[in-house]
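Next come two complexes, and both contain subunit A; in the first it sits with subunit B, in the second with subunit C.
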Partner chain A sequence: MPSLISPAERDYILKGIECNIRADGRQRPDYREVTLETGVVSQTSGSARVRIAGGTDVLVSVKAEIGPVLVDPETGDGADKGQIICSVECAPSASQQFEGRGADELNNELTQMMSRFLSHSGPAASSFLSTTSSSSSSSTAASTTAKTTSGAGGINLSKLCIIPGQQCWILYVDALVLDYGGNLMDAIFMGTRAAIYDTRIPKTEVQDLGDGQFEFEVLDDAEDTEEVAGREDMPLCVTLNKIGARHIVDASPLEELCTEAKLVVAVNRSGELCGLQKGHEGGIEPSLLLEMIQSGKTMGQSLIKQLDASIKKEAESDLAKRQRGEPVHKLGFFAQ
Partner chain B sequence: MDRKRVAGPELSVAPLIEYPVDHKRWTPQQEKRHDSKRQPEDMRPIYLKTGLIGQASGSAYIELEKTKLACGVYGPKPVKRIGQTFSGRGLLTCEIKFATFSCAKRRNQMRDPQEKELSQILTQALSPAIRLDLLPKSAIEVYITVLESDGLGSCFSAAITAASVALAHAGIEMLDLVAGCSASYIQTGPARSISSGAESIPPQIFMDADLEEEKYEQGSIVLAYMPSLNEVTHVLQSGKAEGSIISQSVEHCVEACNKIYAVMHHALLESVKENQTQL
Partner chain C sequence: MSRVELLTPEGLRIDGRRPAELRKITSTTSVLSQADGSAYLEHGNTKVLAAVYGPREARRRAQVLHDRAILNVEFNVAPFSTGERRRRTKNDKRLLEMASFVKQTFEPVVITSLYARSQIDIYLQIIQHDGGTLQACINAATMALIDAGIAMTEYVCACTAGWVESEAAIDLNHIEESSDTSEVTIAMLPKSGKITLMQMESRLHVDKLEEVFTLAGEGCKQIHEVIDKTIRERAEDLAKKMQ
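Take a look at the complex of A and B:
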């Protein structure tokens, strides 16, 4: 990960982008080749590894654990919801700049962005929309009423609840950056989507012991597991880098150094925007901002389609191999 | 454990308030704002004053009803930190700190991840406006203390506004002032649902939402904008929304930023006048 760029090199990149040809032969709206693999870490509930051809390598793992629900004391919200806790860590081995506390700021920025895009739970007291929920405590148990507004993260948090007001599943989504080749955020989100698709949560059996007492049992049958509800609606993000008067996607590290301003656009499959954040130290004109949002949106949607197709293909081929009794070979880490 | 400080309780819980029987909590169903005097596009009145912190090179204090924060700017001064490589550009560091008593729940004295992120975002929002290229080998420090927070979005946009006024007050060369503005998308009618196919009403955009309104928000946006250069220096949106809502709210925010700009102008002119009378 270089930290400085010479004026000559900057000029070369700038002029190239103006002519719609980039240093590696791509055009402005082109992505590099992405390698994706799921189910790479056996200890997790779901995992995925994403490699972008230029060098970015991200490993995302999802671990499902049981914990207490988090309730807002004022609105009483959250009693029937599970949680998603995100974290991003840049491994010191990925770049010399990540050594020691060097990656702290980047880690924090990426972690906060990821949690904002994934665990934004929508309006706090969404129960106000259903007409009969005047007594809020009883309505929490009746989570069968289809929630009208799911959060930006897409994942149905109510389905992660085991006993309303007491226990829920907590999904820990941890992304580990193993190698840095630009465009981290997109890679992390692709990896997260794939890892959530790979995630299987054990089923639970709740017993009512009477007078408000509940007990539950986690079924430890490997076959009897659930997928994460609402995973199709998870957003994917597209990072647009404004260089000169143009904008590009999937920037390489050198292009990132020339970037005046970058815009991260999170979008879901139906084209709704789930988050927006500007980065870097430059400005964008409002008209260009709207144009960038629009192109990020269309690009994100096509990216989701391609990603889903490749996840499905991999899952099918794995299943076919298992049925035939052949061992499933994974490429593993750092594989090209 | 920090032994120098009196430790507060480890866990803090907002007090349970018993409301009178006839008390009704505000819900967006009424299609009115929490503050009934305001229209959806109205902001709260802004009080902005410079020069209230004597020690700082420049300072500003901003109040939007219950959102109150102070900002102090120190510098430009030589970069002190050892190990810092030579930089041809000035170094801007921002620090935003919520006072422990500023929110409903007590906040820790230590900087939490959210504060760290907001500080980073603030740096990104302000640096396009400052002529950092004129200040090699020097550093500018911006400190913000939130005294009272009434909604995170409004608090953050107020921080941007106050910081840029304080920077101007410190006499640091800038291209333009940065005004910050926030908006929330709130569903005031039946929400769009995929299954029932009910009548859909797009969420309403409430400018400068307060805490009570933020609780019902579907999403929110914070925009930092330089009015005379017509440039957006930062945008932060969370929650789900249609593209049309976003473009609409960006327009609304730009409009509101122009209004805030007038207030900022006024505050700076006042400070100049005060200086003149002192001489």
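Take a look at the complex of A and C:
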């Protein structure tokens, strides 16, 4: 990640974007090529690696573990819900700036944003929206049409509960940023969606012992597993960068340095907004803001379609290979 | 705890290898865009990523040495790399110790006097853990340093060997490592035959040491061949692209 940019370079990028030709030949609303592979880390419940052609490389893993339910002491919510715990870590190998404690602030920002977008519960999110919808730059907003069972994050947390009030599945979503080439947030969310699609949770059998006592057993049959419920409704992020009077998506590191203001739009497949976050120091005019949200929304939806198609294709080819008894080779880092 | 049978009556190990057989090693270099040099290495299911930055200006002025470069090694373990999810902090004593082992291994090999008043950073990232992380890290770091074009007198190749039940065995995996086998990790300069690192954590009869030691040395030489092949292939590939 370069930290400085010369005035000449800034001017070149600015004028290029004005003419709709960016430094690498793309137009304003173009994404770079994305390489995606699922099932890359065998010790996890699900994993995916996303590489954006310019260098961004993110490894996301999902681990399902059993733990106690987390009950909100005030509202009593959460007794019948599982949990999703997100964490983002930028490896020092990703950029010069990340050495020592250099990545701590960014790690925290990305982790918080991801937790907000993914693990929101429905009713809480809607009530939050109604109180803050008047301020256009509210940090988080959830769709009012989000169903009560699945919040803005899409994932059905109730399905993750094993014994209400006692035990539940906790999904640990760990994103590891290995290489930095701009547009981290979008890559992390693409990776998370793919990793959740790859995740299989073992089935459990609950026995009622009477007197409100329950006991459960985890079936360790590799075939007898469940997919994560509500994974289709998970949001995807589109980061829009305002440079000059225009906005672009999928910014390269140099373009990110020229960015005045950044807007992260989280959207699900039906086009509902699941979250907004404005970043950087510059301001955005209300009319441009609406335009940016609109283009983020349409772009997010088409991105979800493309991503789902590629995940499905990979899963099908893996399944076909397994049925034929052939080994499934994952390229991992050998895919360049 | 019931003891796992590590060696079958036919003399095969738990993963089907013979005692003197290494796991499959696959590797590649230049995997990262920002780092000056990088390498990715797999020893069976142990997967390691190494990145080298530098020689660059030292972060802390007080550390600068006027006649040579300082080496800085950082160790990072992904929370999902082990069977049980576990987050490790940067100050984990075990990780700091591993980092200092790697640093000491490379200090005599990297020609630091060429890069006076600068710093060379080696970042090691463990993506999947299945035994032998130290050896994998050293091998990956060698490749990343070569990829970064940093002057070294020789390759450094590391290999582990241990005494499994009744025989010396090479390149122990996680199950063998965790069931109370004594394990020796050595790092060797394959051409001159010098040892730059030797580490053993548990008890081993002195009569058996030589056998284990020779086996690890043999392993280092084999690993050298594999690494050298990858490096040469990558260099040829680059040379071709330049034409």
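In this section, the second predicted complex is superposed on the first by the 309 of 336 C-alpha atoms of A that agree within 3 Å, B and C clash if a C-alpha of one lies under 4 Å from a C-alpha of the other, contacts with A are read in each partner's own complex, and residues count from 1 in each chain.
Here, a residue touches a chain if its C-beta (ideal position, glycine included) is under 8 Å from a C-beta of that chain, and two chains touch if they have at least 3 such contacts.
All values derive from a computational prediction rather than experimental measurement.
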item	value
Superposition-derived comparison: subunit B or subunit C, residues of subunit A touched	B
Subunit B versus subunit C as contact partner of A:L176, first or second or both or neither	second
Contacts of A:T44 with subunit B and subunit C, given as first, second, both or neither	second
First, second, both or neither for A:E272, with subunit B first and subunit C second	first
Contacts of A:K297 with subunit B and subunit C, given as first, second, both or neither	first
Partner chain(s) touched by A:T111 [first = subunit B, second = subunit C, both, neither]	first
First (subunit B), second (subunit C), both or neither touched by A:S317	neither
Touched partner set for A:H280, first subunit B, second subunit C, both or neither	first
Interfacial residue positions of subunit B with respect to subunit A in the complex	13-14, 16, 27-29, 104, 113-114, 116-117, 120, 123-124, 127-128, 186-187, 190-193, 195-196, 215-219, 221, 225-226, 229-243, 246-247, 250-251, 254
Subunit C partner contacts - residues on subunit A that touch it in the complex	1, 41-44, 47, 54-55, 57, 59, 61, 63, 65, 87, 89, 91-96, 99-100, 172, 174, 176, 178-181, 332-334, 336
Contact footprint of subunit A on subunit C as seen in their complex	26, 28, 31-35, 38, 40, 45, 47, 49-51, 53, 56, 59, 74, 76, 78-83, 85, 87, 121, 123, 125, 127-129
Of subunit A, residues touching subunit B in the complex	73-75, 105, 108-109, 111-112, 116-117, 120, 122-125, 128-129, 146, 148-152, 261, 263, 268, 271-286, 289-290, 293-294, 297
